[in-house]
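Please find the structures below.
Shared chain: chain A. Partners: chain B in the first complex, chain C in the second.
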Partner chain A sequence: MTTATKNISFNEALPALFGAQFSTGGWFTGREAALKQFLALGGIPTVKVEDWKYTNVVPFFKNDIQVTLPEVPEVTAAQLEATGLLLPDTYRLVLVNGVLQPHLSQLPPATQATVSKLSEAGSQPAVERYFHQSPKIAGFHFAQLNAALFNDGLFIEVKAKAQVEQPIQVVHLYLADQPRLFNPRHLVVVNEGASVQIVESAAGIGLTDNVVINSVTESIVSERAQLSQYQLQTGGSQLRFINQNLVEQKGKSLYNNYTFTLTDSDFVRNNLNISLNEERTETHMYGFYIAAGSQLIDNHTSVDHRMPHCESNELYRGVLMDKATGVFNGKIYVHEDAQKTNAFQQNNNLVISPDAAIYTKPQLEIFADDVKCSHGCTIGQVSDDALFYLRARGIGEAEARNLLVKAFAFDITAKVTIPAVRKQVEQIASQYLHA
Partner chain B sequence: MSAEQDILQELAGREYEFGFETQIEMDIAPPGLNEDIIRFISAKKQEPEWLLEWRLKGFQLFQKLTMPNWQNFKLPEVDFQAVSYYAAPKNKVKYNSLDEVDPELLRTFEKLGIPLEEQKMLSGVAVDAVFDSISVATTFKAQLHELGIIFCSFGEAVQEHPELVKKYLGTVVPQSDNIYAALNSAVFSDGSFVYIPKGVRCPMELSTYFRINAKNTGQFERTLIIADDSSYVSYLEGCTAPMRDENQLHAAVVELIALDHAEIKYSTVQNWYPGDKDGKGGIYNFVTKRGICKGKSSKISWTQVETGSAITWKYPGVILQGDNSIGEFYSVAVTANKQVADTGTKMVHIGKNTKSRIISKGISAGHGHNTYRGLVKVGPNATNARNFTQCDSLLIGDRCGAHTFPYIESKNNTAMVEHEATTSKIGEDQVFYLNQRGIDNEQAVNMIVNGYAKEVLNQLPMEFAVEAQKLLSITLEGSVG
Partner chain C sequence: MLDIKNLHAAVEGNAILKGINLTVKPGEVHAIMGPNGSGKSSLASVLAGRESYEVTDGSVDFLGKDLLDMSPEVRAREGLFLAFQYPVEIPGVSNINFLKTAVNEIRAYHGEPPMQAKAFLDMLKSKQKLMEFDANLMNRSLNEGFSGGEKKRNDIFQMAMLEPKLAIMDETDSGLDIDALRIVSAGVNKLRNKDNAFIIITHYQRLLEYIVPDFVHVLYNGRIVKSGTKELALELEEKGYDWLKEDIRLEEPVQ
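What follows is the complex of A and B.
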């Protein structure tokens, strides 16, 4: 194994490591170009890069971090069960260090969806057509890094008009005995008129050191298709997440994204980029985060309204405790021809502790005139009046506070359509709030 | 309809024509920027040694600083060496009577309802000596003097009140703030200086209008306003009449200082030449404006109506240092043709119980682009800080743009920060409603726009508000068909 010497930065050490491990093998031929692009963008972004203004990732890329291809240790069904993440009544895909484990998984019927390891999906027409093709991908540092270094991931293609009845739960498990960078890579294609719900959870097993997970998903929602994606970022004190989800929506499609960040992880950065490429699409984005301790939770979303008659709706809420930091950046971009756009965005933050900080930037860029766009953003506390009302009715202060915070989160959790997911989220949220 | 169209077309395509055949009494420094020029300016103005040093320091910083690249428009190349940094005194006489002035300009004056004598002053006609000697300005000056208010040109203030200038100059906008602020501090020509003594409520709106000797303050203006304990002042900058100027780049600096219980109200109406319909030749208005609520319970309020300039780039801000201090920002920015406005505010909450309120109304028409960029920052000690921000954009036409970049940073859990923004166009049903009542399209749009901007216009002093309303209509003339 190659270990970089202490005084070389991650960016400098990367080309040599890359040459030794990644330049050959696999069906993807764009690795070297991606590495070049990553370095051309300046490597690991510093706080001088606008998108990373409040989020300093440089300390997470100390030069003892391993970037080599991870091994894939055996995981038992008991270990999987012990994570407590498993949801009932779902199809289940279990990945260990980014690699699909068929013996732990329960695949949806092949008549409805094709599921395979990404490394074995090189000949699939959908992969050829969509993989690493998102128009904005060239500008994202970590997506380029991922393209250069990814080892494996999931390929899910839902057949045209297939209605996948049960949600597909994807459980990502990570095992490592040293600081390590994982680069899982996924492609989700939902064909015409199909519908599917995907729930993603992650956990570390027996981690002794912090690992960084730089995950990239490209999701294609075809004409009249429906895709719901849930990110349940729970557990995982030694996992640090950088997520990138690039979504392309075609005509009359529906896309829902739910991102719940209720984790012990000290750093989570979510990038959700949705591009509305054809007319009459509908998009909903819901997020809820609780940041405690010295956590840094950063949500960056962008919606590109490229065509007329599209609707997008975004609601993110967060609770900030202890010395935590929250970052929210929501961008709505309405292109010149996207008339009759309806775009709505809201970010509410509840700051509970005096040492917590919140940085929020709801951003609108509008080039068409016949649109309805609005955004709102608030930072505040639990209302004293509401607290008094509850206490006057014999409810203790702590309990009253919890009730109010729960009510604050309710607007988001109420949107969850899978009962088991909602139950899990509410349970974990109240654990954090009681702690 | 077609006849109406034609008129509208004509109005939309209307160009400012204004000859600059002037006999200027030559006292112009050669173009170029270097230490010698700065020494030359300083010597010309008979400045004390410390101010020269200060200017030179500004020049050094200017050389070190780089152009920003975060703005939401293409920054035009400015050749700083091609500018002449000293050109005074200028001969203002351009015409002998109003008959020689561009009739188009006169029509605009008429629409704005500007008195005849003022029209002459603005268009550069020689002003009647009799009018001048008994002008309102001289009367006002005497009255101000009695109250101990200092209101004079910056140059005068340096000579007569150096202790005040030295104490406050550059304390709100440091020379290193940005490259244009550094440039201004090196080469500033002149500007206004206001000092309101303790407990004095300035009885009138102070305005550059009335400051006779400062008619042409040039492109690098510097304004310093100090309101001592428990005083009040309302200051007006600019005017609604179209201001023409041969200087393309304007880089002014405005500093406001409010001490305990003081209040400063600063209103701007800016209607500089916006360039022709392709955006050529318009003014670049790159201004640094900032106020500090230094004392407790002080208040600073910015109101701006921005209709002119090819590029307007400024963020009048308030540093809320004193406990219980209040900062306000009200803005209407209109961009038509190829105009660009990247404007907004910064509210920095440092003291306890500080409040800020931001109301920004952007109107984009034609190919205009309007950006609101704001920062609301709540420091860890700003207990009970409160901010309310509302920024609305109105789009007229399908080739214009509206952008919002609000930065909100809070490090205090007792802070309450609200931000809301909307973007919409003028509703067809609203126009139809007015049409039905016999109001034509043009008028209807005017009424709607004025209603939309009312919250801000109401903040302006009375006569100004009336003029500003008319100004909005004129600027948007021809942008709806």
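What follows is the complex of A and C.
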């Protein structure tokens, strides 16, 4: 009851806070409308909202969570290095509390891509055209909250036909000395025929309280362009994540998303919403999560097949341990015009402990009549037959279980095409699975 | 080497083995035959330690130790090997990594250091050659997408790598075509020596043309009802199992 009251107080306190700091902030004129829309949707969603049924975020917004514009403390190269997140052979964009730090970054060549702070990108044609324009954005509570309160973020535009050879690693660092809500905001535009891979990592530095990161990214994949996005949600103690990525694909484009949640964070909610707006697109979504302790890891994805001849393929896997909870919700909408759609979705879960739980819901809605779709989910334990087979060859039970759980995980990590990313993810997954 | 006395076992309360007695000495090959449902595969499972089987009576001595007291992995480390009737597919575990883990866990059990990478690869190569095992299968996931014959050959290859003292082959011939049968049998014959022993479980006499046994036992209704030499297998092939059933029925006390 107390938390409910406090939740209401968050929603009620917001307009005054907003007026004091945000109403005149920056080039974006839609802040006030976004705040109104957020409040019209009911503010912070309770478990009575269908998409938040198993994920109670209300407690994370209680007490005196700070929503003021964050400061941007100095971070040294040594502190950055110490996160252990840095990948070799990449361009690097380092953000502190949502703000790009050029002196810690190594940008891709300007002939291939424009990279700037979002706060300084207001006059870019791509920003005017795409920012806060995603088809379903009006319905998302936290995207509206983010639009009202965001301080800064990245604007990345890859020039037409540019092939950015090295992946771009984006490192998000968060520093705060009190409970705080961060609202970073990013826009990624990959122009016609271009290709790029973006790898995102996050870490807190010296946090003494839990902070909530309400991050929103809009990604545009233009005609014949290719975009691969990796979310490496590792480390993350005292960070709570609400991530939203709204992706729009145009004709003949390819989009790959990899979301790996291998974290100490007690709460992660990922929203991945992909809209296939033109014909002959290809989309792959791979997810892997390990939830232990009392963690809550929630992945909500949706794919809107709006036009014919598009193919989407989704595979998410999770390992649930201890008293952890996992949530998977995958929606596929095949709209009336989307004939010849191929859409596949699979969610497999290994529930290792009797106290762990997974709520999984694959959802398929088809309004076209000539389509190929499948979806499914499994919840299980390691196979007794496989376990016996390994033990009968002299491998001890604990090691045999370990091999089988890793095998389950590495089926997904094998899809990663950047060797350094695959190595990092497999190493971290091994550590969590050993613990 | 192996001394089974009055072994009784049950699955979910149903008696499957009802008093098995069998002694196997080093250098011997024993064939166990019998009709479907007689308990052949159950005997293999009980000896390998499958947990769904409950031993209700009797004892099994393996190299001077109580076999029934050991976990499946300890049995394997002590030198027991089960070639599976249905080898399991395990996606995501590479054949080579699996073998390395098994070899090193067995070595650790005997107080030996892990094998050096080079020594392991050399051993792998020489055994591949000996067993005529396709090197391309090594880097694949364990048995994933293997044909029936490839799976059985992989099991025999594992046997060559692990060098067990006693190998139990559970209907290894089922599902094998004649070429695969020849290769598997040749593999077993190459591994045979005066120090190890084999128990070959089979439904048909065919396999025994390639792997010639020293003794043949007939298992029926959970007991060994007849033992003899390889000629017994031929007799069974000729007459089937029905004549045995008749004989046994006469011996059973009238209820």
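Just so it is clear, the second predicted complex is superposed on the first by the 426 of 435 C-alpha atoms of A that agree within 3 Å, B and C clash if a C-alpha of one lies under 4 Å from a C-alpha of the other, contacts with A are read in each partner's own complex, and residues count from 1 in each chain.
Rule of thumb we're sticking to: a contact is a pair of C-beta atoms (placed from the backbone, for glycine too) under 8 Å apart; a residue touches a chain by one contact, two chains touch by 3 or more.
Predicted model, so just to flag it, every value in this text is computed and none were measured.
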| item | value |
| --- | --- |
| Fit-or-clash call for chain B and chain C when the two complexes are aligned on chain A | fit |
| Chain B, chain C and vertex chain A (Cα centres) - angle in steps of 10° | 70 |
| Partner chain in contact with A:Ala386 - chain B first, chain C second, else both or neither | second |
| Chain B versus chain C as contact partner of A:Val58, first or second or both or neither | neither |
| Which partner, chain B or chain C, touches more chain A residues | B |
| Touching partner for A:Ile352 - first (chain B), second (chain C), both, neither | first |
| Partner chain in contact with A:Thr378 - chain B first, chain C second, else both or neither | first |
| Which superposed partner A:Ala368 touches (first chain B, second chain C, both, neither) | first |
| A:Leu41 touches, of chain B and chain C: first, second, both or neither? | neither |
| Which of chain B and chain C A:Glu336 touches, first, second, both or neither | first |
| Smallest distance from any CA atom of chain C to any CA atom of chain B, in Å, after fitting | 14 |
| For the chain A and chain C complex, residues of the former touching the latter | 383-386, 388-397, 399-400, 403-404, 406-411, 414 |
| Contacting residues of chain A [partner chain B, same complex] | 50, 54, 320, 336, 339, 349, 351-381 |
| Complex contacts: residues of chain B adjacent to chain A | 70, 378, 380, 393, 395-425 |
| Touching residues (chain side chain C, partner chain A) in the complex | 48-51, 71-73, 75-77, 81-82, 84, 87-88, 90-93, 98, 101-102, 105-106, 109, 141, 158, 162 |
